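In what follows, chain A forms one complex with chain B and a second complex with chain C.
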Partner chain A sequence: MKTNRGWTVASYAIVAAFLVGVLVPIAAVVLNSFKQPNDIFSSTLKLAFSPTLDNYSKVLGQLQFQDFLVNSTVVAAGSTVLSIVVGVPAAYALARLPLRGRELWAGAILFTRMVPAVALVVPMYVIFQRLELLGSYTALIAAHTTFNLPIVVWMMRSFFEELPPDLEEAALVDGANRLGAFIRVAVPLTAPGLAATSVLCLLFSWNEFLFALVLSGRGTQTVPIGVASFIGTVSVDWGGSSAAAVLAMLPVFVLGLAAQRFLVRGLTFGAVKG
Partner chain B sequence: MTGRRASGGRGLGYGMLAPALAVLAGLILGPLVYSAVLSAYEWKLTDIGLPKPFVGLDNYTRLFDDPMVGVALRNTVLYVVGSVGAELVLGFVVAAALFEMTKGRKLANALILLPMIIAPVITALLWRYLLDPQFGLVSQLSGAVGLPSGIGWFGESNLALPALMVVDIWQWTPFVVLILHAGMLSIGEEQFEAARVDGAGHLRILQRIVLPAIVPQILLVLLFRTMDTYRIFDTVFVLTKGGPGTATETIGLYTYRTGFSYFDMGYAMALSIFILVTVVVISTVYVRLLRRREVL
Partner chain C sequence: MAVYRRWSIAAVALLAATTLVACGSDDGGGSGSGDPNAAPATAGGPMGRFPGAKLVLSRWAGDPWTSGQKTAAGEWGTATGGTLDLDAVPYENLHDKQALTLTGAGGYDIIYVHPSWFGEFAKAGYLAPIDQYLADANRNPSGFSADSYLPNVLAQGKYDGKQYCLPDFVSTTVLAYRKDVFEANGIAEPKTLDDVAAAAAQLNGKDGLAGMSIPGKRGGAVADIMGSLITAQGNWWYDDQAKSTLDKAAAAKAVDFYVKVAKTAPSGVLNFHVDEAATAAAQGKAAMIISTTPSLQALEDPAKSTTAGKWGYLPLAFTAGKPAGELIYWNWCIAEKSTNKDAAYSFLQWYTNGPQQAKVAVAAATAGATKDFYTNAEVAAKLPFLSAMNDALTTSNPQPSLAAWPKAQDQIELAVQEAIEGKKTPDQAADAMGQAVADALG
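== the complex of A and B ==
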């Protein structure tokens, strides 16, 4: 493709313009989080201002935003661990072991990705209410497992399929059984894929809103609920909510960039290797 | 042989698959069946201990007579078509431009993905402030260059839905860019050589070689984006709550409100089954197309 100079220049310009569009909204909220109210509430744009950490100390002090961060961490970790423990063996079975109706099972698991959260949250609310689990971490972890477990199965299946089968076969010849070959050979060799899959599960759970809105209680509200409570209230605290947004985005950016190579694969159920 | 079969045959395969299937059956199939059964009853969340009258399919016939369902579906379809269409066109342009670049592609890739890993609720917050009529960046900038400023995007009935689409387009065009770009990278260099030998110009190569080669990726993008925009909830809930009036009422939001604002659970369950069925029908069409091309 690399031929015409004009096209090359135009291409750089298009990508640059797109990046500006991507970054400006993020930069604006980061700047706001360091501004005093009179620098935010101005009808002209102020790029020169004296930065302050007041918003952060307020969000972490008076508004107890760290409680939301802790709840999100517990729920994300719980649902990720559950999904990995249950999902990785299933992925290996679908990739390697003789199963009748293999594609049917895989298809059934893929189908669960199509089920809208709103179709699940209505009955789940009633069920968890009956079980007296409304507002518990258990309810949230269970709900988040509905989208994380299918991702683990499909992603890890694609990683296992990419592994050359010779190494597991060598272990089998050496007297290991299939389960041993899975635990001692296949799992360690797909460790980077496993790490990326875990990161994606943490990310999806961290960002989830509807289940958290309906199923969480006073002591278990997650970060998106905390941030949403800032928006739309009568006296919107822009500086405080911007600081909260930055605190919520920071771990996501770190995790997202760490799993960058596998992000698209996770979002497309392994269909795009990226 | 018999020993190998006992430890590595079908039994082990099913044993390893079973826990995942059991969890999914319990957490997804169970609630859906429960929902389907209870949608045949008339009951409010607030009527604790009262008998629930069996109404058969009444909740479903009600759905077709409910004018709000029509309004919500119309808004949802507009939202899907507007957002996904714009994301696809913009995404293709940017992916093609990225494909042309020789330097800085890695950095661009890393920055492009940022919007899609941010929580939709936070994206909503970013745009709530950007589009604020008084203190928003958009208003400040358009005021500075003499354009009309002070527009309350989310508060005007004819602007609120397009403004929500802008939020979706900002967040999800990166997803389209990355997938289409990955598709372009898998096109063999010899195809471009051949076209160049034939004297094909740049646009012709894009149209004759690149576009047909990435049809599977385009279908994939359409599948995921259609599914996800159809069930849109987070940003609408946070930014407009379906307003002003019913201008941004979507089918997902209406179902939520039926259940958790009006406590009309039987009807909410019928609505959620309706959403499920329509999503499955739409996705099945795409999945069939993708299977035919062996993408999924």
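== the complex of A and C ==
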């Protein structure tokens, strides 16, 4: 009994320490976004200060950070939709169809995720330059799809493999073809996994920096470029960058909350067989 | 930074190799349409009319500069009929983005080039010469010519005998000291750097103050200060033929000073870039600061400083009455592949001129590179460091612009850091610097 209580206390302590480590930097960013420079730079940590919306006013007014948010939304949504539309059927095929060299194909798809982004960015730059797509949403969506697609294929493949084949076979017996079984049976049953995969794709695309830096143009720069732009050659605009970071976090935070139920189900989907 | 630097080198090399053949037949850009000789629509306005011209300018992001330039771009567009868009990216990624773009199909008309990569870009043929524009009286306002610029600053935009760029962002390294603290402790205004080191030691720890705030992080500022310190001894890193001329005794003396004052700095000095050093001083944590003049803007901004109005400014001098400094600047250049070179020159001539520079000078704590900037008494009165900066720049060497310099700079800064940490004596650090400079310059 004592051992159990000690273990419980230790578990709570570990979780609390983890939460402090994770949440304190976020809290600092949120607080700084409401502070005047003098309060940010104060030599002692100031928790009592007169809050101001000046940083938000500057970020959204003078610096038009909302443009970065719109660009990120377009790119992240576009890349996620494209990855799901292409990746889910591929994952189903790899899970269910008797393809020759199935594991080889799956491994090849995973391998593309293992190539460092810096090795891909220059060839991609050349390709999009030749296609005259540099600086366009299309270039960014396509680039982000290259690293989102393997995630979709591998995650969804495992979800499909966890489904009892009997369900689809029953649909086939009832007259459905393979495509019908896929759309009407397999996809709805893996919806939590699909939601979790989609959220991960959105997150990866939303936070991606390197491709966005190299391939974007003046009208398509995404949120990470916008936030990094507060680091100047002489100084860092801590108030502005904090406000921008909060604005960058908010959509993802809201999305995470909204999809939390699916995320938990999706990420534990198939963890227990029975 | 280091990671991106490494990938950028590999990336640019690879891109150059893969696109060389395909892009080899590029016939360069033209000058675009419009009338570059049209007189300004209003007094002090930009030259020329460029209806429909669409230009793109590449620069680092950061205010007040970016916002100020957006405003200027809008005014230029209204006056000339063209449009000028800013592609502002984080400073740490600027070189990589510019190099990739200029190596490829282009896309930039105007580029903001740091001295450390000016030589690289000029050598690679990315930049268009502007001698004919500067010499053409029809393209410039009455009385304006190359002579309108400070000659030693304009000369930094020259490569292989050709003028490529127009400068701005003139600055240097100076000393700022708390007049109230010196007075309260009965310390006279320092005349030499030995006085500075002595005052730093005396004031360190008094009323919670550090003696000196100074950049200690590798990132350029340490090398800038070292450049000023060896210039103050009549020495420089290299000569006109890019051969090392570093005097070991001068370098050791400079390092010795750096170490002495760094020992009186707030904790964490090795992680201080110019902004951290200035913030510490502005928040009343140090009695003195040596840093670049743009960073000292934080000292006098009441929104960022609890010590505004308490600072005095002096040039760096090892010998009383013989101040010196490193000339810090940026170059505005026109891309060789631009199809709007006339319009690009129109903007740059107008933007680097005194009245336009004055609009951002006070908020940014930078100075223009044209002579008329320094005749503006109203602006001068609002730049408290200007007198010290001008004194320092009477004896100055420009920030190095050799293609091979970034590597040497990093080693110089590493040697200073190791001396501060006690891993090297000033003599050993000087030896390491001499070796680094010789290796980098070949």
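Here is the rule we go by: the second predicted complex is superposed on the first by the 235 of 274 C-alpha atoms of A that agree within 3 Å, B and C clash if a C-alpha of one lies under 4 Å from a C-alpha of the other, contacts with A are read in each partner's own complex, and residues count from 1 in each chain.
Following the convention adopted for this analysis, a contact is a pair of C-beta atoms (placed from the backbone, for glycine too) under 8 Å apart; a residue touches a chain by one contact, two chains touch by 3 or more.
Note that this is a predicted model, so its numbers are computed, not measured.
Asker: For A:Trp206 in the superposed arrangement: first (chain B), second (chain C), both or neither?
Answerer: A:Trp206 contacts chain B only, not chain C.
Asker: Looking at the overlay, what does A:Val75 touch: chain B (first), chain C (second), both, or neither?
Answerer: It touches nothing on chain B or chain C.
Asker: Determine, under the contact definition given at the top, whether A:Pro37 touches first (chain B), second (chain C), both, or neither.
Answerer: After superposing on A, A:Pro37 lies in contact with chain C but is clear of chain B.
Asker: For A:Met156, select first, second, both or neither according to whether it touches chain B, chain C, the two together, or no partner.
Answerer: Neither partner.
Asker: Once the shared chain is lined up, is A:Val118 touching chain B (first), chain C (second), both, or neither of them?
Answerer: In the superposed model, A:Val118 contacts both chain B and chain C.
Asker: Return first, second, both or neither, reflecting whether A:Asp237 touches chain B, chain C, both chains, or no partner chain.
Answerer: second
Asker: Between chain B and chain C, whom does A:Gln62 touch in the aligned arrangement: first, second, both, or neither?
Answerer: A:Gln62 contacts chain C only, not chain B.
Asker: Can A:Leu134 be said to touch chain B (first), chain C (second), both, or neither?
Answerer: In the superposed model, A:Leu134 contacts chain C only, not chain B.
Asker: Residues of chain A touched by chain B versus by chain C: which partner has the larger set?
Answerer: Partner with more touched residues of chain A: B.
Asker: Where does A:Val126 make contact in the superposed view: on chain B (first), on chain C (second), on both, or on neither?
Answerer: both
Asker: Which residues would you name on chain A as touching chain B in one complex and chain C in the other?
Answerer: Residues 41-43, 118, 121-123, 125-126, 213-214, 228, 230-232 of chain A touch both chain B and chain C.
Asker: Once bound in the complex, which stretches of chain C touch chain A?
Answerer: It is residues 7, 10-11, 14-15, 18-19, 22, 56, 60-63, 65, 67, 85-93, 96-97, 100, 104-105, 107, 274-275, 278-279, 282-285, 292, 294-295, 297-298, 301, 303-306 of chain C that touch chain A.
Asker: Can you name the residues of chain B that touch chain A in the complex?
Answerer: Residue positions touching the partner: 4, 7-10, 12-14, 16-17, 19-21, 23-24, 27-28, 30-32, 34-35, 38, 45, 90, 93-94, 96-102, 108-122, 124-130, 134-135, 137, 139-141, 143-144, 170, 173-175, 177-179, 182-183, 192, 196, 202, 205, 217, 220, 224, 227, 230-231, 233-234, 237-239, 241, 252, 255-256, 259-260, 265, 268-269, 272-273, 275-276, 279-280, 283, 290, 295-296.
Asker: Could you list, by residue number, the parts of chain A that touch chain C in their complex?
Answerer: 36-38, 41-43, 62-63, 118, 121-123, 125-126, 129-130, 134-135, 213-214, 217-218, 221, 225, 228-237, 240
Asker: Where on chain A is chain B touching in the complex?
Answerer: 1-4, 7-8, 10-12, 14-15, 18-19, 21-26, 28-29, 32, 40-45, 82, 86-87, 89-90, 92-94, 97-100, 105, 108-127, 142-143, 145-146, 149-150, 153, 172, 177-179, 182, 203, 206-210, 213-214, 223-224, 227-228, 230-232, 238, 241-242, 245, 248-249, 252-253, 255-257, 260, 263-264, 267-269, 271-274
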